[in-house]
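What follows is a short report on a single structure.
Every chain is named by a letter (A, B, C, D and E) in the order it is written, and numbering of its residues begins at 1.
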Amino acid sequence: MALLQLVDFHYYYGNIHSVKGIDLHVDEGEMVTLIGANGSGKTTTLQTISGLTRARGVRGKILFKGQEIQGKTGDKVAAMGILQALEGRHVFSKLTVEENLKTGAYLRKDMAKIREDIRDVYRRFPRLEERRSQLAGTLSGGEQQMLAIGRALMGRPKLLLLDEPSMGLAPLIVKEIFVAINDINREGTTILFVEQNSKIALATAKRGYVMQTGSIVIHDTCENLMNNEDIKRIYLGAS
Amino acid sequence: MFLRLLISGLVLGGIYSLIALGYSLIYKASGLMSFVQGDVMTLGAYLGLTFYRILGLPFVVSLILTVLCAFAFGMLLEKGVIRVLLNKNVLPIYVVLATIAISYIIQNGVQLGWGSITQYFPSVFSKSSVKVLSVSVQPEALLCVGASLVCMVLLHFFMTRTRFGTAMRAAAMDPTAAYSCGINVSMSTGITWGLSAGLAAIAGMLIGPMYGVYALLGSMIGSKGFSGAVIGGYGNMYGAMVGGILLGLAEVFVTGYISSTYKNLIAYILLITFLFLKPTGLFNERAIQDD
Amino acid sequence: MQKSLANNSLGKKLIAPIAILLALGMPLYVRGAEYPLMLACIIQLYVVAVSGLDILFGYCGQISLGHAAFYAIGAYGSAILHNNFGLPILFTMFVAATLAALVGAVLAIPASKLVFHFLSLATVAFGEIVYQFIVHSPGGITKDFNGIFSARLSIFGFEFSTYRLWYYFGLACVIVFLTAKYFLVHSKTGRAFTAIRENSHAANGMGINVRKYKVMAFATSAFYTAFAGAMYIHLVGYVHPDTFLRKQSVLFLTMLLFGGTGSLTGPILGVISVELLIESLRVLQDYQGFVYGILLLIVIVALPGGLFGGFKNVWNLLAGRLGKRRGGAGAC
Amino acid sequence: MLTTDKVTVKFGGLTAVNQVSVHVEAHRITGLIGPNGAGKTTFFNCISGVYRPNSGSVIFEGNHIEGKKPYQVNRAGISRTYQIINLFKKMNVLENVLVGMHPRLKSGYLSDMFRTPSQRREEKAAYERAYEWLKFVDLQDHALDPAGSLSYGKQRLLEIARSLASTPKLILLDEPAAGMNSKEKEELDELLKRILELGVTVLMVEHDMKLVMGICHYLNVLSEGKLLAKGTPSEIQNNPDVIQAYLGGE
Amino acid sequence: MAEGETFRIGTYFGITGGNSAYGIECRNAVRLAVDYVNQNGGFNGQKVELVEYDTQCSAEEAVKVATKLITEDKVDAAIGSMNSGEVLAAAPYFNEAGIYHFGCGTAASWMKEDWPYVFRAAMNNAFAVPIAANLMVDLGYKTIAIFNGQEEAALATANIFEETFKGMGIEVVARESYDAGDTDYSAQITKMMSANPDCILISVIGETGGPLVRQLRQNGYTGIILNKESFMDSQIEIAGAEASNYIAFANPYVTYKSVDDCDIPYMKEFLQRYLDAYGQMVKTDSAYRGWDTVMVMWEASKIAGSNESNALVEATHKVVIEGLGGTLDYTSGNREGYNTFNSFILVNGKNVLFKTWLEEGGYEAYLAETGNAK
């Protein structure tokens, strides 16, 4: 059974029909990517899964481990093990880097393990350790992005949702991030991520969904997608 | 005279502090500004009066009941009004205005409920005054200072050192992100409002015996408490205490050595001076993004 | 196409406000209805005051909970100038309003670095300080807690002795002030105000001297509100300092938010509805304050876009284009 | 055109920009790259007046502009976009551009309030020019939509149009391609060339190497606040320090 | 005005807001009095009908209400607020419209204006001042400190007191004030006490008296307190019986804890009537003012034999009746009813006539009790 399953899922911002009936599933232990042009509804989809959009705009089913989670508030969904690194970073600007990480582990009680995980994040992003007591709001754009991902990891999610993890990161860090994502996935966390850098996304994930103006137009393994002519032209650039 | 003034200033400051703590708490833990604290204090005084004088319950029991009622009231306020507004994504000014409307409701409501005449709140202690350095002070006043000291330390520790406190601050900064970390934002702000209402109620019960209880009891004290909170550093618990005391002393000394005509003026001049010259207050608090 | 963008004609925009005001003037055609006429006059001066606040808050995004201070400066200033120096009334009204504009500008210079919560606190403090100066005035020039009397309006010896006559004066004021407001907000200056409201950092980066424009907005707004204060004293003939407590500032803001911000019509709707509400609650006696508070709360919670926003939504719905609903006055 | 001399910015104990001297040649696209937290945005903020450098000077066309306020820098002829989109969300697209034109309009407070004939003429012309700018970035169809309702990529374009509207001599772009897909990046590439044709000089921070290497005439690399390297794209691409600190080996 | 129509009296009181306790009691008494009048023939056969409005204790509202009463409700007469500021604002409108009007505030100021249609059936503070000030002479006191509120009635009265004391050779050693809404007076009290006066005069209005006296005693002041008016039952409750000891004042009337405490028959009757109607005792003297006001108007209507405003005004100048606080006599032409009053001192919860107290050795007992012998 799929860990996460969307069935005929719609989203409306008032009268704007921004997601138009998509079906999507992520199996346990899998890594899946969702790509698509600007404004095609990727963020909306992720945020709705996490319970962060207005429940009134949602139609259709969202199942997590076969259980309906549609309509649950964000904290409940998080408590079930779905955590998200949000688009646009959303760090807690007046908390320090370390407090941000600790807040990421809000639902956990095991202090010793939490400390260990913080060290882990610092190992992945040494930059953050240098900045551990700086207020997050004063971090550079890229540093904030690292923090946002680190914070999501702190919750030890069953399903990790990442919204444009590479945005604003230097090429070197982008590579590192995706290495990290791979590691995390290998260690047993299921991952669904949205990414503009389609090349690296398709290279990292196993399966991919392509969204266009609110609908899923193609769904295939990444290998096949990379060889798809349309995808090549629009998302991978001519080269 | 100096000693006398000093002690009255400290006592008055203690009362302002207790109110200031509530304002700072709300600001720090929800990023919102409320104008209702002073009137919740009034409500607390009326509730306390009802339990203590009218129903004849022991003081401690009345205090606990009052604080519980106020806590529930604060929660209800958050759930029924503030949360609804926040969910509609309105400008924060609507929240301010809503709290002002609530303060009208309380002011007029208590008049309807308890009559508009000043109510008598019996003394808590059998002794009507104790001597502090040869100055006689009401024991309730000392209790008030003590209570605000204790609350200050507890709240400061709670907000900066505990998981829940940090979570509350996080929720105030970015509710969406807080939700995504598993924080029940609605619950945490609800508790904040409840707590600060509870604080105000304690203040109300303690000053009832000193000043009598009437509908506008809290409105002036409320504004002064607010000023104290800002002067100390809006959102900082130590700041609230120090700001409140500073204000109390300033008022009393201005009255004593200059003229009572400038008593209230000085409070607002201090406030505006701090806002213009040092908006982060004495304790240099930068609680929430506000720029 | 550009042309229609540029001039979404003043005439059209002014139709609604003027129509409303003329409707208010209905009592003019009915004999002997002094009281509604007086209300209409009060509504007119409140429209001027609240429109001023709208320039500051609705367009420039600067909150003020101390506008009663400007109202007071207008009322007391005009009365004192007229009473003590015998200057003609219309002139004293302008002088007092100009004075308030200066005070507003001086206040805005340090206040312009403050944002939302802290700004509103600073304006609260400012309001209280002005109140304190009125009730403890140097030399008792304001008669402190007693309030002062002044003459009813007269211009060039022509006395506006009845509410009916005064109504025409008020109407003229409203038209002049609203037109000026319309011109101002639909211009470079108005765009700068709005840009500051939306994002002051970006506005600064776009070459807008943010402080200068905030000062301008404060001064303009103070002028409007103070002029309304002057209208008030020369309508009623007496003011008491308690008219200028924070309650009054809140009332202005309530009226503005009730009607809807950032429009010509919003303040008018707001003023009328709040005034009528207060009037109609009067019969409740002991309960009126309580009921007023509850109604206020209900409106804030249920209709945070104000009446104008609400009407606009209904209109859009009727016109079948709710889908195109824009940011508009309501939500901001 | 723009020269910085040993610009240094400190935040408490942290030196975010350390003695950086760069030179921006007129009518060129100059790139500024470097790892995250290298100080690029801070450096931009220094030029555009958001921060005042702790030491060093910024000279634009022979005039010192360090320590000037952002609006003064803008008037001097430097305009910018932001890493985190900074539009006037509730104003419509056209109005956003009009705000951009603010420093070039002459009318004042009183002429605005009384709508004098000259003010009227100027406004009319301004609307027409603003519309031209929208055409320039291909947003004319959205002229009356609120800026906040545009998609991310279009918002970036609007930011560019808005900053062009003040007819700057130099424009600073902070990560213009962030959040764009390949196709949109190609369009951006083409837009940058057209901007250059207008006679506007460009200084740009960007992490997308394909775009940077393809279009920039000259590159400066920052790392840890210091200027690590400068040179043409091909020089930079082969600079071992840069590869190690930023690009990463293949 | 045709027979059989009603006689409409408009009222404007502060029913909500700062000093509403007073407005409410006064309105209650007016209602009571009107019922009584109606049962007893009304105004020359016309039933009296009340048109009541709340001013929220605000002068602006008072003006609006006045306009409404005059132009909309077209009342035949009006009774106005307890707050002199409101009367000051509204009375000129009634006067201009030629409407028979009574105010209930106690400040001297609004009766100084030349408003022939404006009367009062309550105490005028200015008249009470010399009587109260004389108590200082009786006690042989030489220095005094004054504490006053800023409202019209409190401030004006304090000013008259200060003048009067100066004329008597009594030195005012400290003068302090507070603003409406203040709750804590300890600094002012400290300052006054450090001037070491023989006596402290308090001139405050509304609900301030109770907490003030409480705080005075709390801060260690044990001397006699001179009050500008009677220290009412509601205030004793707040201050505490012990603290309220030795408060002296000059006033036409005092409040009582229970009907039985009162031994003036007319007053007793009124108290009983009020208690029956509202289920509680009169707590402030404002109820008395309301009752007296209606009674004076009624008497004037009887004398005039007509309910026309000018006739009523004229007739009022001939009214002499017994009010709750003694004789109400308008024949002197000053449009005031009460021109002389008694002095009292509050001892052990009872208002004792000052003269009696002195004669019966009360002062010596006081000195002994408080240890204040000089």
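Everything below uses one rule, namely that contacts are C-beta pairs under 8 Å (C-beta built on N, C-alpha and C of every residue); 3 or more make two chains touch, one makes a residue touch a chain.
This one's a predicted model, so the numbers in the text were calculated from it and none came from an experiment.
Peer 1: Between C-E and B-C, which chain pair is linked by the larger number of C-beta contacts?
Peer 2: Between B-C and C-E, contacts are more numerous in B-C.
Peer 1: Measuring between Cα centroids, what's the chain most distant from chain D?
Peer 2: Following the centroid criterion, the farthest chain would be E.
Peer 1: Between chain B and chain C, tell me the centre distance in angstrom, where each centre is the average of that chain's C-alpha atoms.
Peer 2: Here chain B and chain C have centroids separated by 32 Å.
Peer 1: In whole angstrom, how far does the Cα centroid of chain A sit from the Cα centroid of chain D?
Peer 2: Distance between chain centres, rounded to whole Å: 30 Å.
Peer 1: Could you please state the distance in Å, as a whole number, between where the Cα atoms of chain C are centred and where those of chain D are centred?
Peer 2: 40
Peer 1: Starting from the mean Cα coordinates of chain B and chain E, work out the distance between those two points in Å.
Peer 2: The answer is 36 Å.
Peer 1: What are the residues of chain C that contact at least two other chains?
Peer 2: 286, 289, 331-332
Peer 1: For chain B, give me the residues that contact two or more of the other chains.
Peer 2: Within chain B, the residues that touch at least two other chains are 108, 111, 261, 264.
Peer 1: Of all the residues in chain D, which ones touch at least 2 other chains?
Peer 2: Residues: none.
Peer 1: Quick check: in the complex, which residue numbers of chain B touch chain A?
Peer 2: Where chain B meets chain A, its residues are 163, 166-167, 169-170, 173-174, 176-186, 286-289.
Peer 1: For the complex, which residues does chain A have touching chain B?
Peer 2: Residues 50-52, 73-75, 78-79, 83-84, 86, 90-95, 99-100, 102-104, 106-107, 137, 151-152, 155 of chain A touch chain B in their complex.
Peer 1: Quick one: in the complex, what on chain B touches chain E?
Peer 2: 1, 4-5, 8-9, 11-12, 15, 108, 111, 115-120, 128-129, 136, 138, 207, 210-212, 214, 216-217, 219-221, 251-253, 255-256, 260-261, 263-264
Peer 1: List the residues on chain C that touch chain B in their complex, please.
Peer 2: That would be residues 57, 63, 65, 110-111, 114-118, 120-122, 124-126, 128-129, 132-133, 136, 250, 253-254, 257, 286-287, 289-290, 292-294, 296-297, 300-301, 304, 331-332 of chain C.
Peer 1: Taking the complex as given, what residues does chain D use to touch chain A?
Peer 2: It is residues 11, 14, 33-42, 83-84, 151-154, 175, 178-186, 207, 209-210, 245-248 of chain D that touch chain A.
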